[in-house]
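Here subunit A shows up in two complexes: once beside subunit B, once beside subunit C.
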Partner chain A sequence: MTTLEQLSEAVGAGKAKDAKALTQRALDEGARPGDIVDKALVPAMAEVGERFKRNEIFVPEMLIAARAMKEAMNLLEPHLVAAGITPKYTAVIGTVQGDLHDIGKNLVVVMWKGANFRVVDLGTNVPPAKFVSAIQEHRPQLVGLSALLTTTMPAMVETVRIIRTSGCPPVKVMVGGAPITQQFANEIGADGYAADAGSAVDKARALVGAA
Partner chain B sequence: MNRQFYLDLAAAGLRMPIGTHLILHGHADPQTIALDGRRLGAVVLETAERFGTPLAFPLMDLTLEKTALLLACGVPEAEVDAHHFTVAPPVPERILLTPRMRASCEAIAHVATRPDVVPIGMAIGPFSLTTKLMADPITPVYLAGMGLSAGEDPEVALLERLLSLSELIVHRYLRAQIEAGARAVIICEPAANLVYLSPKQLSTNPALFERIVMEPMQRITRMLAASGVDLIFHDCGELTTDMVRRFATLGAAILSFGSSRRLWEDAALVPKDTILYGNLPTKRFCASELTPGEVERLAQELVEKMQTAGHPFILGSECDVLSVPGKETEILGKVDAFMRCAYYV
Partner chain C sequence: MNVGLIQLVTPDGCHDVSMTASELALPLSELLAHRGFPLNTRCGGRGLCAGCEVELRTGALRCLGDDTPPPAGASGRIKACQARAGAGPVTVEIPARSLQNHEPAVVSEFRINIPWARDPLVPGARVGAAVDIGTTTVALLLCDLATGKVLAEASAFNAQIRFGEDVLTRIQLCSTDPGAVARLQRVVVDETINPLLAEACNRAGIGLADVGAMTVAANTTMLHLLAGVDPTPMGVHPFRAAFLEHRQYAPRELGLRFGGDTAEVHLLPGPAAYIGADLAAGMVATGLLYDDGPALLVDVGTNGEIIAKVGDQLIGCATAAGPAFEGAGLTSGTRAVQGAIERVQLQSEPFAAKLGIIGGVAVPLGICGSAYVDFLWEARRTGILQTTGRFTDAFCVRAGDHVQRDIHGRKLRLHPRGASGPIWVSEVDIARLLQAKAAIAAGMVTLLSLLSVVPGDVKTLYLAGGFGLHLSLEHAIGCGLLPGLAVNQIQMVGNTSLGGAFLALQDRSLLDEMIAASKTMKAIELNLQPGFENAYIDHLALP
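Coming up: the complex of A and B.
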């Protein structure tokens, strides 16, 4: 098994220390940082997402895998920056105003990062103006809005409305969260809806034209 | 209280939502009422009367204990909502009840003046409270499940300290509600689910679930039993069958689960003197595609399946039914739709 294959396996299994050591070994062996991301880390997280969708693993295993990937990325990032390599796609994400829940949103962040998106995480209780300002600053291809509470769904409606009417650069809007449905997404003018973090990757890639 | 009381309610075909939030927000000044014990108590009674039940459920608010604990730990009030601990705080010298908690206790005392209703208290479960105190509670839970101890990993150490503080504040608040006259309490433990606890990991290490969910609950159960107060256990999270099996051992008068569970199948796991309550998908009541007619059909189907299962059952909501601005009438209409089911059976 090659070092990159071992690294991929270590990330999938959530072995953070092994992932760090194998990343260093891959660099020492002369692997290009971009190849380590594209050939080991991204496939590892894609497999994690697929296993999640098949109910073979659960949220904790996803987070542990992401933790291992983060260890690898901490080593790689200086090399990637030095080589001028940046993710092709940027996404802004946040939980809408009035809602303090972040578990679901954090999982989507993990999976989008795993798919090599640059993710700007605005956190929870995010007012519409903050989304607009982040869109203007970061020029993302995608914005993700999360809500856990039925009581904060109206804030999602308002956020989409303000993004659409604010005159900020065109951006795809994707929504999700426990009470959200495809029909609700359609009603409020969102471009996409994902029922869980695993399918959020597929939907995001489709929306930005990467699929 | 006599367990037969609850069994008689089930046998009589009681149907009811946990609907205090819905009724409270029909008033012009819900925030003011929530801080006024007597008025809050009146709303709790109004809710019980509106839905024809002697079970006076309180306003379900899972933020109260976190607020009280953080204030006791010296966190400024303005930072409470977003605060997460990154290092283990010392045990506070004393934990004061917040104005909202005091109002809830006064509401219980107000309800207790009525002999025809059961004043019910409420608290978040210790594990669920713990998850609200950490930015990422899932990773340390998983690490603990891998066998890492507090001495080996700082995240596990933080988890364990916060769990013990959570238990402290929950017991403190429960005692206050019991002193105010609560004859039953609903413990809400929605984070004890397969998002926070991996079924894959629990299959090889079930001791983790026992240690961080069941043992704190068992200590609460003993405290309630010593006070003659009944337990209503609520967990609307997504559960495994093993989790349901374990919750069934708590000796609850009522078990309340989310709509992901098939209660007619869970009936086989639950003692015959424990009522199953629920579990219509009320979190989706604000969605227009779920029509009142569909709610009525789901309710009818659930009632029929529970009758076939032969288990004591109260038809109701999967959680408290929240009032959503602009959707109040639609949501109430769907609650009324399942309440009508009572007359068909």
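Coming up: the complex of A and C.
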């Protein structure tokens, strides 16, 4: 097996330490950072997403795989920046104001990175104005909003409303989080909803026209 | 005039329910609650859980807003909170898991580890009532204040459940509906506490007028709702409570019906918005407060509170584990009530499950938390489960039709004929249990590491809450719920919230201790702890 194949397998199996070591080895062997992403990480995360959709793995296994992917990305990101490699699509994401949960959102971040999006993560407890200024600054095609609490669903409504009326460049809005439903997404005028990080990738690609 | 008729099929038979014209627009779940068949409306009737699912046998139901038929879920069942009955006759089956069961199991068992004085909080009162208001269950006991003897006990589900199963759903209701605080206040007092008090007095052979004192321990949200104080600020960051301090009322101020002019109600103090008076009571009753440690108090419930003490450092957190260990949201999950499977022993070849059922009944209702803990450990031990929580392929091959597959994945049949069909444990159930387990384990590990203590150094872990006193500690450790601990480090203490309320009634100095404990304890925000997310992911696997 080549290093890239081994890396792909380590990420799929959620072996974070191996994933980090193999990424380093690939770099040492002279692999191009862009190739490591395209040939090892993207297929590995695509496979994880597929298996999730087929109910062959669940959230726990996906979180473990995503952590391995994150280790690899942490090593690669400086190299990618240095090499001037920027993915075609950009997404801004954050947990809405009042809410501090981010494990699910972080998983979406990794999956989107795994699908070759540039992801700007605004963190948790993000006020609507911060989303607006990030949209103005980064010109993303996509904005993701996460809420895990029944009580912060109204903040999601408010954030969508402010993004829509702020006069910032047009952008697709996608929402998610355990209490969110497709119906709620429709009601608040979001462009998309995904129940999990696996379908979040398909939905995101469809929304930006990459599918 | 009656305009509609529903025939109900429940595990104990058929019932006819008639409707008046004004009731035709009501959600079916509300109509059924009015007629004495309350469902497990966990999300407060917002269509988000599956607690209210019913099966349509004959006839037609309608959507709430229009006349179209309501969509059936993957299981073919319909959410009763999203449907209403039309004028035509219908037959609806309520499976056991959707029916709210009104007999909570033993919730009044607790262990007290400290000595106490006979110096009643309310001098002159003859009898006192100690109350623990849980989000789900309310327990009450009467105590003879002259002798310290327990006279009677009673418990029931918190009638507020129909407004939402967890505290946040009830908080959300208060933040959107100006009348909700008063309504929730009346519901818990009129429908739960007053009836329990009357029942206990009846059993003790005393009058309501003889009760002169009441102490109440509960989580912070429940205390707000009892006092009629709006809990809205607790629902979003920075999650602030309107009050945490000890409060005193006259019974009639809260609508409580007992005692005379001198009777008093005391709401016990708590440390933080999500670490309430129930934990302050527990810190005193278990003696954690006087323990140099390293010691832990772990309450395995929806909130999953953990308190750690080392020397004079006292810190605590809420891990928000969710209700999986209370049986909620699982295929055949149930609370620890009569008829629940509470113990499980497994054999892999050939597959066999030996089940212990509460009350020894023949037809089990479902599986409760302690049995899920057994299951996780037993299934790992016998090679049925992988560390990921998936059934092993080898087992699936030899298990024959004990293992079946549906659109959500695989599931294992533990019993062929429960009160509403076979009793299953699915891989999705296991994934939910693993998430709850991981939250508690990660919270514990994170707190200990803040105090530079490893689990092996813990002198005593006081295990309180939902499981009562009937959990297998070997299995709780074996499935990774309490990582790194050994059985001899753990003491089961039961409902220490009620235990603490009972103590405060009899020894006024212990109220001061609870006040001190609440002030001393430092609440740790787990989301600000860099290690928590990693520990959570680590602990998702089975050992």
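Assume the second predicted complex is superposed on the first by the 202 of 211 C-alpha atoms of A that agree within 3 Å, B and C clash if a C-alpha of one lies under 4 Å from a C-alpha of the other, contacts with A are read in each partner's own complex, and residues count from 1 in each chain.
Keep this in mind: a residue touches a chain if its C-beta (ideal position, glycine included) is under 8 Å from a C-beta of that chain, and two chains touch if they have at least 3 such contacts.
A quick note: this is a predicted structure, and the numbers were derived from the prediction, not measured.
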- [ ] In the superposition on subunit A, see if there is space for subunit B and subunit C together, and answer fit or clash.
- [x] clash
Task: Partner chain in contact with A:Asn125 - subunit B first, subunit C second, else both or neither - done: both
- [ ] Go through the superposed model and pick first if A:Gly98 touches only subunit B, second if only subunit C, both, or neither.
- [x] second
TODO: Give one of first, second, both or neither to describe whether A:Ile85 is in contact with subunit B, with subunit C, with both, or with none.
DONE: neither
Open item on the list: If the shared chain A is used to align the two complexes, which stretch of subunit C, 346-354, 364-372 or 400-408, clashes with subunit B?
Closed with: 364-372
Open item on the list: So subunit A touches subunit B in one structure and subunit C in the other; where do those two contact lists coincide?
Closed with: 57-61, 63-64, 67, 100, 103, 106, 124-125, 149-151, 153-154, 179, 181, 183
Open item on the list: Touching residues of subunit A toward subunit C in the complex: what are they?
Closed with: 55, 57-61, 63-64, 67, 97-103, 106, 124-125, 149-155, 179, 181, 183
- [ ] Under the touch definition given earlier, write down the residues of subunit A that touch subunit B in their complex.
- [x] 56-61, 63-64, 67, 100, 103, 106, 124-125, 149-151, 153-154, 178-179, 181, 183-184, 187
Task: subunit B to subunit A touching residues, read off their complex - done: 81-82, 136, 138-139, 141-142, 145, 194-201, 283-289, 322-326
- [ ] Within their complex, state which residues of subunit C touch subunit A.
- [x] 47-48, 168-169, 171-172, 175, 235-237, 388-389, 407-409, 427-428, 431, 434-435, 438, 525, 527, 533-534, 536-537, 540-541
